[in-house]
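What follows is a set of structures to go through.
Each of the next two complexes has subunit A plus one more chain, namely subunit B in the first and subunit C in the second.
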Partner chain A sequence: MAARTKVAVAAAACVAIALGFAGVAQEKDDAAKGIEAYRQALKDGNPAELFEMAGEELWLKPAGPRNASLEKCDLGLGPGVVEGAYARLPRYFADTDRVQDLESRLLTCMETLQGIDTRAHVEARFGTPKKDELVALATYVAGMSKDRPVDVAASHPKERAMFELGRRMFFYQAGPHDFSCATCHAQEGRRIRMQDLPYIPAKEGAAAGWTSWPAYRVSAGQMWSMQWRINDCFRQQRFPEPVYASDMTVALSMFMAATANGATMATPGIKR
Partner chain B sequence: MANPMRIRAAAKDGITEVRVLMNHEMETGQRRDASGAIVPAWFIQEVSARLNDKDVMSAQWGPSIAKNPYFAFKIKGGKAGDTVSVTWVDNRGDTRTDNAKVT
Partner chain C sequence: MSSIGTCAALAAAVLAFAVDARAQSWGPGADDKAFAEMLRTGFRNAGPVSVDRLVQDDTQAFCSDPAVANSAAGAKRAEQLEAANLAAVKWPSDGRFLGDWRAGERIAQSGRGLTWTDAPSQANGGNCYNCHQISLAEISHGTLGPSLHNYAKLKGTDERALRDAWAKIWNSKSSNACSNMPRAGHMGILKEKDIQDIMALLFSPDSPVNK
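Take a look at the complex of A and B:
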């Protein structure tokens, strides 16, 4: 409803500039309705569930040199607590003395519990088996926070610093296209093709982005984690691709999550 | 090896609605990979369903069905506690059967 109101406001502005734009605005509104109907149809059978199942299997399966499962992994709510954990990430972890998002924390658990050298996982391209494991695990864990409120206050000094770093990165304009995250995500009521562009500096937009990933992307038939989403945003800006689970990526997640604080998790999501 | 399906079945007013998510690549045989070689066709060809021990549905599929297909259908009859089982067979002869209890 809110989105439609914004389209109407935008339409009014167009009319003020040139009367001939009224017809275009009507078409825009119809397109928005059509997209909404398409999204509703998709929600009925989200293939993300298949990845949740695969992720749960990986979580429970002993692996690595220590032949251990991830069942004792501490995602912030204590060893083995998965339910609700994703809604409270990223957060500061005393054992690593770092602020971590879900995927960097999964790497920590794979190292400490399973004895896996995760360098290969970090360096693997998205869409290859090692990354697929992490995406499936992330989908499973995120799904266990569905319908929970986001609880990321960024109160610890290191969390605060991460938030500030994330905000700076968000507005940092550079690269051959002179782009920043804000180029696309700091304007109200815009979309690219069928995808609305959330206005991330405000709560509503941050929530629309943050609470809907990991998401299944229908057109590509791929399950994407937030790390993959952020990585591809860098690519689309023609920036160097960030290292998987590096501080910069965690900082952007912190910026989004803390801005979305209090919103309801809708994980895993589904996109066109 | 074939990955599991997700099956949900709910009975209401003598009709059982079944919703299935299948895990399959569904390659059409039309795509090329990075080196220009055709990616071989690989898709589900037959789908069938049973309610308890009775065949209730069978379908023939082709390469135009999407990856990770979602399939919903209704069965006349069925009640809570019944078992719905769904089977697919792909063009490589691989097959998968999964069950779900009707709720």
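Take a look at the complex of A and C:
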């Protein structure tokens, strides 16, 4: 529970900085600190590199009941092909008969190659060791698509269906605040507090979001995968918690990726 | 949780509405059945937040398909929903519209409350600065909603202006069915006294809003 409390505190601190609901003086202070930390980070390179390295180690390291590595994992371009794979996800996989994003596909490989029961990984909170593994792996794989064009046409019928489900989810309002993704992300050129909001239904905004995650968050000192990004959006929407790697999360990613089709991957990103 | 209670109490026939004659904008594979299954498998209870929150009331269901909401047929339905939301507005029980603007400023600053990491015991914020410019002293404000600076100077302080602002804050959908603004009173986010305090922030001559 200590870890969970720590996550909650970290998340709250992060939101405090992102949304800035502290007093004016405190806010300017936080903003100044954030900008300074951001500059320092840029000077030294993106700390995401450390997570890419950790992810590559995990990729190569034999693990699980079968003591196997993930080197034969098929991310869509054939077993073991990591380079360029992330730019073509989410996509339909015949072996699972599912449309999968990177993180759900990593779970599949952990199950089939390593023999790991991934339920604990699915249930673990972000910021705890099991999720840290997945975030590092995702950062490594995403980094291997840097500067590649997004190639997600959603042409397979199941990919098309996933796109439509994601688009419908994007506009789905619920909860005490009546929020949907669209509340913040379907008006152009707006911001929440000082934070610019990408307009996701069009290519430019979808690309701003999709191509920059996983990203290192300077204010939080954390590496976030796209699944974590989506999870925290729903937390702020006052929704219940998304199930990790569920079709719902894949659908939203498909909606963003296909809308951003042709944009250039800038993974891993760095954020305030 | 009063908000969940309210939500559940208002939970009207989401599916009944969704499958009515009006065309939906979603393509193949995103029909109501597939979407409901995706929601069922896509969320879990966390902290004080239950999956019951996914159940929509009539207003939320209508506003979740912008192509329908923005259609000619949708305009008539929007008027009905606005009337229903207006009828649900609770006016101040003591007849006082204005409370303490300083307390209102604190509520306007706070974005806390009702997430799965918030303690249910803590007071909810109004989230106002997330979207609105209010006091010019606060430079960190959002732009999803209009500026509220000089509110009373622009709107006046007569009974009509007070009632309009109260209705907007209590239930923003009373005048715009698909407003992006939460229904602070209606959904139990803020209490009557909180709204009196926010009203004072907007209307008091001493408030920084009007300086």
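The criterion applied here is as follows: the second predicted complex is superposed on the first by the 227 of 272 C-alpha atoms of A that agree within 3 Å, B and C clash if a C-alpha of one lies under 4 Å from a C-alpha of the other, contacts with A are read in each partner's own complex, and residues count from 1 in each chain.
Here is the rule we go by: a contact is a pair of C-beta atoms (placed from the backbone, for glycine too) under 8 Å apart; a residue touches a chain by one contact, two chains touch by 3 or more.
All of these numbers come straight from a predicted model, not from anything done at the bench.
By the touch criterion defined above, A:45 reaches subunit B but does not reach subunit C. In the superposition on chain A, contact is made by A:247 with subunit C only, not with subunit B. Shared-chain residue A:54: touches subunit B; no touch with subunit C.
By the touch criterion defined above, A:221 reaches subunit B but does not reach subunit C. In the superposition on chain A, A:182 makes contact with subunit C only, not with subunit B. With both structures placed on the common chain, the touch criterion links A:236 to subunit C but leaves subunit B unconnected. Ranked by how many residues of subunit A each touches, subunit B and subunit C are led by C. Put simply, subunit A uses no single residue to touch subunit B in one complex and subunit C in the other.
Residue ranges of subunit A in contact with subunit B, taken from their complex: 44-47, 49-50, 53-54, 216, 218, 221. Within the complex formed with subunit C, the subunit A residues making contact are 8, 11-12, 15, 19-24, 27-28, 31, 157-158, 160-165, 167-169, 171-180, 182-184, 186-187, 189-194, 197, 234-236, 238-243, 246-249, 251.
Against subunit A, the residues of subunit B that register as touching in their complex are 3-4, 6, 19, 21, 23, 66-68, 70, 72.
Subunit C contributes residues 3-4, 6-7, 26-30, 34-35, 38-39, 41-46, 49-51, 53-56, 59-61, 63-66, 109-112, 114-117, 125, 127, 129-131, 137-144, 173, 180, 182-183, 187-189 to its touches with subunit A in the complex.
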